[in-house]
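For reference, chains read A, B and C in written order, and residue numbers begin at 1 within each chain.
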Amino acid sequence: MTLSFAATLPDRGFDVELDVAEGRTLALLGPNGAGKSTALGIAAGTLRPHDGHVTLDGRPLVRVAAGRTRTWVPPHARQVALLAQEALLFPHLSVRQNVAFGPRSQGARRRDAEAAADRRLEQIGLAHLADRAPSTLSGGQAQRVAVARALAAEPRLLLLDEPMAALDVDVTPALRQTLQRLLADQTAIITTHDVLDALLLADEVAVIEDGRVVERGPTTQVLARPRSAFAARIAGLNLLTGTWTGDGVRTPAGEVVHGHAPGEDLAAGAPMTAVFRPAAVSVYLDDRRGSPRNTFRGTVHALEPRGDLVRVRTDHLAADVTPQAAAELSLTPGTRVWLSVKAAEVDVYRD
Amino acid sequence: MGKHVAAAGLAALAVAALAGCGTQAGGAEGGDASEGTTTLTVFAAASLKGSFEDLAGQFEAAHDGVDVQLSFAGSSDLVAQVQQGAPADVVASADTATMDKLVADDLVAAPQDFATNTLEIAVPPGNPAGVETLADLADPDVALVLCAPAVPCGAASAEVEEAAGLDLRPVSEEQSVTDVLGKVIAGEADAGLVYVTDVAAAGDDVEGVEFPESADAVNTYPIATVPHEAADATQDDLAREFVDLVLSDDGQQTLAGFGFAAP
Amino acid sequence: MTRTEQRTETAVGLPRWAFVPAAVGGLFVVLPLVAMATRVDWSSYWSLVTSESARAALVLSLQTSAASTAACLVLGVPMALVLARSRFPGIDLARSLVMVPLVLPPVVGGIALLYTFGRRGLLGETLQVAGVQIAFSTAAVVLAQTFVALPFLVTSLEGALRTAGARYEVVAASLGARPTTVLRRVTLPLVWPGLLSGAVLSFARALGEFGATITFAGSLQGVTRTLPLEIYLQRETDPDAAVALSLLLVVVAVLVIAATRRGRSPL
């Protein structure tokens, strides 16, 4: 085990045990206020637990027993880097200087640190921004620079606290891909209440509710067979698996799904996953629309009211439509429908 | 746009009105005869504090319904205030030079000398620096504090210094006698040149060392009434009566009790 | 009269009537300065202001104010950091105590300093034995000025630190920066405008300091007689010189404040 974590904070009703193996990414899922940020704070050293310990690579960072601290390593000595919702790039330093900050603080010479920074920016395709001031960057760019900055410090553990939450939804796929690549060999914990992040970035998932871990396991398992209310709620995603055709994913049923794919070269036939939200799916009674892309046939199995929308379930897909639309289409179980989703709303990833 | 001009005009008016208020009040206050209490305002030099408080008490006892308001300050401050129109009825300064300024401005009636004062060396109790004579003050190991030459007691110190042929190097030149005395009492200074009356008033807080050269610089204290344009005859009479008290035998005895010498 | 260009952004939350008392307040501050300027004998202004005693006083004032501003920075920055960032029982009391020199009449401050550093003072006696004489020295002037100017820097900077929060510092620490590095490379650069304005305020306060100086340090040309003390002394004999020097002090203060504000966005 690389990270071993067990902490309680009775004031906040927090009692969590976690562990993360080396090089693996754990996603902490949970509603707001569940305790995800608390867990990260304890790991980073900004919060002190009432009782518990945090050990990283065999080195105890915190040991507290019943309110008395026996070991406390200050945040700057933990080699635990923190990435928050806001990029928090130092406004008075350039992008390059920001990324070089970690290595320089740890003793590297300025030229070496900045050269390394340039290389990292190159890796994520943002080398052209190296001399810019952070205020001139878009949200997505800033967040990617922040990731580069965190990784430049070569932390043993990387903590990401809802990194996509403050970004526009059309920017998140790019960041997700960057993260997927950079987190490959990095021990990391990412908190989120967006299941896409969990699916695409994490090897394992832990669901936290009211300060306690209620579910734990490999991502697809937890989401396929949710045992907690939250996981069930958030697992309401459309997931299609298949093989890469060259520009889309061919499902076993023979349909091809097109979506936002990774830029790297993919071998034909590589196992891929395509995901999209029910809310992004449109329902038609025929394919008069004529759009050949991302249109699937199905039969309505069930209609579930979901707030002010109606979830239309077919064999393997779900679509959220307004009650009026459902009425206009006279949807009832058994109606044959066409479901269509814009390619831009579909994330396609290697399995 | 017009509104702003009007607002600014209003503001200017307000300030002018306040200014007007000020001067008017200043002129009328002297003879406030409300409810039968008459106020007599006396401006006096700081060194006259004890003696004039005593004299004021005597005056109030002799004159029913009269309240004597005393204001003590450095002589030049008093002069400046009277020049700016402060409501004084009587002015008593610590030297003739400052009073002459008021005479030149035609603000006072003919001044009369009522007391003299000479300098004395003040030392902290126990005389830690062992000062015995005026010449001892020139010793570089003695922390000496003097009045600044611009102030009457400072001018007197300079006269004495010159007459004795000494070169005094003080560590500080204070604004008033009170400040000099304060530094001596606090033990910050080993010695200071103050008036005989100050040493007397300070009691056990300081020891005095008299020196013969003090006769070379005698400060003469003049007193004068301030006639008012509002021509309040009773007020002017009252002021003259106060001056008479100061010059009378009783007044002179009181002053002598505080250490002043006869004019 | 040409019409001024209309602004695109309109002012919200500023009732029209507010201009009246604001104008009155503005006049209240400006008129006394104007009144002083009208009293100045301009023909002799230059000679009055360049007399030996005036030059000595001005130089001494600038030197001591600069020294006390430096002292305020050395002591005040850590104080502001502690007050803004740490938590310990009694911190509110500490914060109030730091403000005391602000509300104390300067003369009272001078007396207090005298009882501390004077020849017979709390620390003064020990210092005297060690051969260090503070009273009547230029060092005493710097002490007095620092005493009254320190709260300005501390309060100004503490406010800026609190507003800035500690988010960037948390990130910097997580990147491996030790606390001193964080202070040097993140905190202070980010709070620079607040620091600068605090320093300017301190300098201006030190420049104008009178009561504590004259009570504690004394008054001797070239040693302890700063410009305010020189002005006060000149009032005795030469009111014209006093007014001329007063105007000089005002001009110096305004120049200092203007020089540090110029080119910066609204504070």
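Simple rule for what comes next: contacts are C-beta pairs under 8 Å (C-beta built on N, C-alpha and C of every residue); 3 or more make two chains touch, one makes a residue touch a chain.
Being a predicted model, the structure only gives us computed values, none of them experimental.
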Top of the farthest list for chain C, CA-centroid basis, is A
Of all chains shown, the one whose Cα mean is least distant from the combined Cα mean is C
When centres are defined as mean Cα positions, the distance from chain A to chain B in whole Å is 84
Dist(centroid_CA(chain A), centroid_CA(chain C)) in Å evaluates to 52
Chain B and chain C have mean C-alpha positions lying a whole-number Å distance apart equal to 34
Shared-interface residues of chain B (touching two or more other chains) are none
Going by residue number, chain C touches two or more other chains at none
Listed in rising order, chain C residues that touch chain B in their complex are 16-17, 19-20, 23-24, 27-28, 31, 114, 118-120, 135-136, 214-215, 217-221, 224-225, 232-237, 239
Within their complex, chain B touches chain C through residues 3-4, 7-8, 10-12, 14-15, 74, 76-77, 80, 143, 145, 148, 150-151, 170-175, 179, 183, 186-188
Residue positions on chain C within touch of chain A in the complex are 167-168, 170-179, 181-182, 185-186, 189-190
Listed in rising order, chain A residues that touch chain C in their complex are 44-46, 74-82, 84, 86, 88, 90-92, 101-102, 105-106, 149-150, 153, 155, 159
